[in-house]
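Note that chain A is present in both complexes that follow, paired respectively with chain B and with chain C.
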Partner chain A sequence: MAGQMEFVQNFPCFSIMLCMFAGIISSALKGKAAKWINTAVLCANILMSAAVLLFAVDKGGYYVYVMGQFPAPWGNELRVGVLEAGMALFFCVIMLLSLMGGRHKLIQEVKEGKHGLYYILTDLMLSSLLALIYTNDLFTAYVFVEINTISACGLIMIRQNGRTIEAAVRYMIMSLLGSGLFLMGLCMLYDLTGHLLMSNIEGKVREIYLAGTGSSYHIPLLITIAVISVGLAIKSALFPFHAWLPDAYGYSTVSSAAILSSLVSKGYIFLLFKIIYRVIGFEVFHDSKIVNILFIFSLMGMIFGSLSAIKENDVRRMIAFSSIAQIGYIYMGIGMGTQAGMVAAVFHVLSHAATKSLLFIAAIGLTDVSGGSRKLTELTGSGYRNKIAGVAFMVGSLSMVGVPLFSGFISKLLFSQAAVQNEGKMLPTLIVLGISTILNAIYFMKTVIRIYTPVGETEYFGVTWRENKGYAAALVCFMALNVMLGVFSQPIVDLIGVGLDSFSA
Partner chain B sequence: MGNNLFANYGEAVAILLFVIGFGNLLLQSNLIKKIIGLNIMDTAVYLFLAEKGYISGRVAPIVTDGVQSVETYINPVPSGLVLTGIVVSVSVSALMLSLTIRLYQRYHTLDLDEISLRLNKEGL
Partner chain C sequence: MSKLKSEQEYEKTAAFHFFRWLSGSKDPYLDNVEMKPQEEYKEEEATIQERMREQQMIRDKVYDTEKNKRLLFFRYFYRIMAVVFCVVLGGLLLVTVSYLPPTGRASKPDNNEVAARYIENGMQETGAVNVVTGMILTYRAFDTFGETNVLFIATCCVMIMLMAEDEELKKQELLNDRRYEPKNDAILQGVAAVLVPVIFIFGIYIVLNGHLSPGGGFSGGAAMGAGMILYVSAFGFKKTQRFFNEEVYKIAKVSALCVYGLVGIYYYVTGANGLDNHIPLGIPGHIISAGIIFPINICVGIEVACTMYAFYALFRRGGL
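Right, the complex of A and B next:
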């Protein structure tokens, strides 16, 4: 993509800057104004990302956007291709819908004076996510990882009670361990290669790798790869680093839970994809055997996450535990070490993000019509009292279990196809995939049956969709997104393939 | 191997400190000790960068006497990274400390495990 710069190519930079400035300006404004600025920024970002996506699909490949005046080995860069633009578009849509669906709970649960702060934090969160998606510089990525962590911590503790503060502390501790490892890894990588830009590092890494085991840099390189992968795995809550997750997702206000589960952990996973392809190189990463460690942890996560979810009696925490299993699916795709596995992992990032935020937001509608209780036993019949939330919860559950027509089915299909192509890991993958699907079905179907079990007399009142139109609209959009991912999966999968190819180009 | 270790003793110390800090942040149950661990961990990374970035006998690349030879100066990028890292770690420590104050005001203890126990017993 050489030649004259087109105006569209500025949009990635604009969207990052727009979110940051929106956050800064909102700090001087009242809650209501901050809310409108936040919504406007999200809509503008959706339009800009869609324009960039169309441009990238049209031109193919990728382009590099130089920040400042310094050329490649010294300056800072953004790198934009199909996958980056598509991911940015998707993240903005999910964030807009999550905020829309959780707004009434935000007003109830968070003190009046803190609403402006909430929107500042989401602005900062979005800017850091976009920067993680677009940046081509490892140290910039580290700085935005920390901004992401701080704003995520704010999103958890904005609802001030003992639980959320404790959850925020635990989240911060695990996150800081992860970013400490990531920082150490990137410093070591800088010392090994002398570069901070991803594309420049990759060439050097390949040189070191090709020099073979005799080279004195071989072992340091392996250690560096391990440190960076483990750091990002801790941050995205791969089993066994998940201890902070159920409380953070279970007790924060519902928009935060939806954003955290569907975007924050996915931002780190996307960074890991970029590092695998563009910093370390896919072959080197595959040969380093780190993939096998990630693979084993992911399989364990798929089983233990589901088992914990079955034991859980609190619907929000149950969905949170299910996230651990789903993160396991994504790392299983990475751990297979094949292109097909990676495509499946990227697709599952989309599918899980669309489904998990739907489930969190639907669950809040069900608990609201059950006297605010989150116990599964109290939810009996709540699907009749809030019809739209009941349907949405069912759609989310069916998608998670992997019923055709919904997005979860396509990701399971892609994972099994990838497994069949990979001889060494075929059997464990298929067995664990099967077990995990059954376990998913047990706890999700148990809940769906419970919310549709009729009860005669209750003291709880039902609500109709007219009483909260924004909430209903968010749920309908989420369901449509889910079905769209499930039905029109082929073009999306093709685009992911094209995007990953341009990663390694 | 032994020679390499001796020649790079600064880096070895940095990694050792990193591990100490990491362990403290992970394993201590006292919140203040955890934050101290965090600071040791981050500072170890800066020590590592400083050790790697400094070549004895050379100076920072500020040209005053017209000498432009590469041999005279060190690479300024690691120092820049250390500065940025310090800013990040200061803000993160401040956030952790403020969270610790909040928890202490509510529960009058700094022991995270005890706070969790009490939360499980009392609910919110």
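Right, the complex of A and C next:
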């Protein structure tokens, strides 16, 4: 038993359990009460995660939290370091802002009696994300992947029209294929190593790896790594597996779209980071050549995602297609197979989460003042009709394109630096990065120019920020977060480096 | 005011009509146009059929594979690729399995210290004779709490899909409670009257003996849920609602999950902080023993039974 624990060290366990309690209790309450409970839980989680982050930065390294009387290989445990605590804090903030920014659409688009259910889904979604972040046990991760999948389906289909139900069915089929592959990989890994605890698996995997091709377990190990990577890639919409994404993000209610694009897919990517470092081991993963496949997929995704976005005439679907390109960036960082690439990938997780939810929420303000039409042609001049949404959309676009001062610039800079240090993959990375940036600029700048093109006569009315203060506040916070990630990037990058070091320790 | 024309003559001139129209003192339509109350537009049978035929024609033309070669290609391509994908994935996994360590060997990697401690010390450490229950509810209590929440969230999603929200719709569904089943089937009711109490008692037995014999909350709860489904199909919702309606469902579900959560968090926090949790393990083999397993099994049983019944009721008529 780890000696005397400080009270702060209990917070990860508290925050997971708090979200679950909130979901359970909300199921007996009306929608209004559920909303307040949800907001309170999110605020409490932000405070607790911040406290844990401060503690982790202060102490350095990581600590293990035993969930119950029995230590790790027998019981469950959580493992908390700088990266985990920071990610939890960030996810809670994004979720709070996404819900705040999309609340008026939720009231319009979802039936009155189902608001309570919506908040139950978000509570449990947050608990599963936190558990995925903190857990040190592969099977616990699988249990919470299940919760995550089911609640994501609910978030998509709670706005009930034909398109969302079709999107939810598609999401469910693809996502279950991903879960199934992940589960099979997990079973094979258990069969090969006899453990479910991440750190114990790593030791055994290293033994198999060191035995080389002489070991009869060499081939199943390779297939296991492939199956797990592909399973998680399907769930986070890497390029050839992205078919479920545009409808799911494009037609669901805006909070759901923001949560799905910036948190759900990132939760799986974080799990993949964890598996790479703590289950399979960075070197083994790097030598397995699976990395190269992910790298090629990611490069294709960066280009084809952007091309689809250029062709799109529906602003929500355009932003959704841009997600495919951005997920490609993250996998490119993983695919480089270097520490610098990983740091860039983690930073891009943050940057993309902050930017994509901002874009979705800003776009809904623009379509609202264009008669609810999502066609790009109808959006002409909408930046003047809803000023704050226009500015926010511009900030998001500039960040996505990679203009200095905003978070997207830093991630592109980190990716290029990582590419320069990597001999084999430098040229393809830099070329595709350049092409993708130009394509990004084409479709985002096209939209920004359109929303700021003045129109003389228009039948649409403008709105001011006073009419919906929660929405305006959410957008301002998102913009501040974006600029903060862009301007104070060095401390954050340093923290990610420290976090990754203790991650693999 | 001198008048060139008399009042009556003036009323016949165009100027009089113009100024009367201009001042609005007479509505030109009033008394001149026959007014009929508006009727709702009704489409005639012939036009409806015409429209349907046209739609069908469009559909036929679009999906006519004779002319739409791309669709034909896509259909075949899709089917072939689906088969190829399944065969390749299945083959890959089968090949992998052939490399995995064979079952039953002592040298298998999963015969390690983890399994050894579960089997050798399981009874002393958890107080449960049934090692499997001891493992999932004591050693790995957190996983099982997550698994119970999977059921909870699944019910929520089914509610989103199928719960009837509209009052009108609700009434309709309530009246149509037995659309597909026979009303008051004597055989079904007779059998149910005998079987339901037995199933319930058996389910409760499985739940309460979870730590002593094979079974536990999940299997016992499923048995109890099956008993309730049998009861409701034999006697209808009206009779079931006398003892199990939406209120009871909510109270049962929320209190079961909350008790599990509270027991769980007390157990995790005391365990993690190295405190004594003061939960007596009792004597292995007694009905009230095995620490937290006994209450948790009851909670899981209630939750599973509620979930089974809720799925059935929601699919059948969109409400509990």
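Going forward, the second predicted complex is superposed on the first by the 502 of 505 C-alpha atoms of A that agree within 3 Å, B and C clash if a C-alpha of one lies under 4 Å from a C-alpha of the other, contacts with A are read in each partner's own complex, and residues count from 1 in each chain.
The rule is simple: a residue touches a chain if its C-beta (ideal position, glycine included) is under 8 Å from a C-beta of that chain, and two chains touch if they have at least 3 such contacts.
Since the structure is predicted, the reported quantities are computational estimates derived from the model, not experimental observations.
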Touched partner set for A:M5, first chain B, second chain C, both or neither: second
Which of chain B and chain C A:L413 touches, first, second, both or neither: neither
Touched partner set for A:A473, first chain B, second chain C, both or neither: neither
Touching partner for A:M157 - first (chain B), second (chain C), both, neither: both
Partner chain in contact with A:A243 - chain B first, chain C second, else both or neither: neither
Partner chain(s) touched by A:E146 [first = chain B, second = chain C, both, neither]: both
First, second, both or neither for A:G75, with chain B first and chain C second: second
Which superposed partner A:I173 touches (first chain B, second chain C, both, neither): first
Partner chain(s) touched by A:I25 [first = chain B, second = chain C, both, neither]: second
More chain A residues in contact [chain B versus chain C]: C
Touching both chain B and chain C, residues of chain A: 139, 143, 146, 150, 153, 157, 184, 188, 190-191, 216
Residue ranges of chain A touching chain C (in the complex, touch as defined): 1-5, 9-10, 13-14, 17, 20-21, 23-25, 27-28, 65-70, 73-76, 111-114, 117, 120-121, 124, 127, 131, 137, 139-140, 143-144, 146-147, 150-151, 153-154, 157-158, 160, 184, 188, 190-195, 204, 216-217, 219-220, 223-224
Touching residues (chain side chain A, partner chain B) in the complex: 139, 142-143, 146, 149-150, 153, 157, 161-163, 165-166, 168-170, 172-173, 176-177, 180-181, 183-184, 187-188, 190-191, 196, 216
List of chain B residues in touch with chain A within their complex: 4, 18, 21-22, 25-26, 31, 34, 38, 41-42, 45, 48-49, 52, 77-78, 81, 84-85, 88, 91-92, 95-96, 99-100, 102-103, 106-107, 112, 115-116, 119, 124
For the chain C and chain A complex, residues of the former touching the latter: 92-93, 95-96, 99-101, 108-115, 117-118, 125, 138-143, 145-147, 149-150, 152-154, 156-157, 159-161, 163, 165, 250-251, 253-254, 257-258, 261, 264-265, 267-274, 277
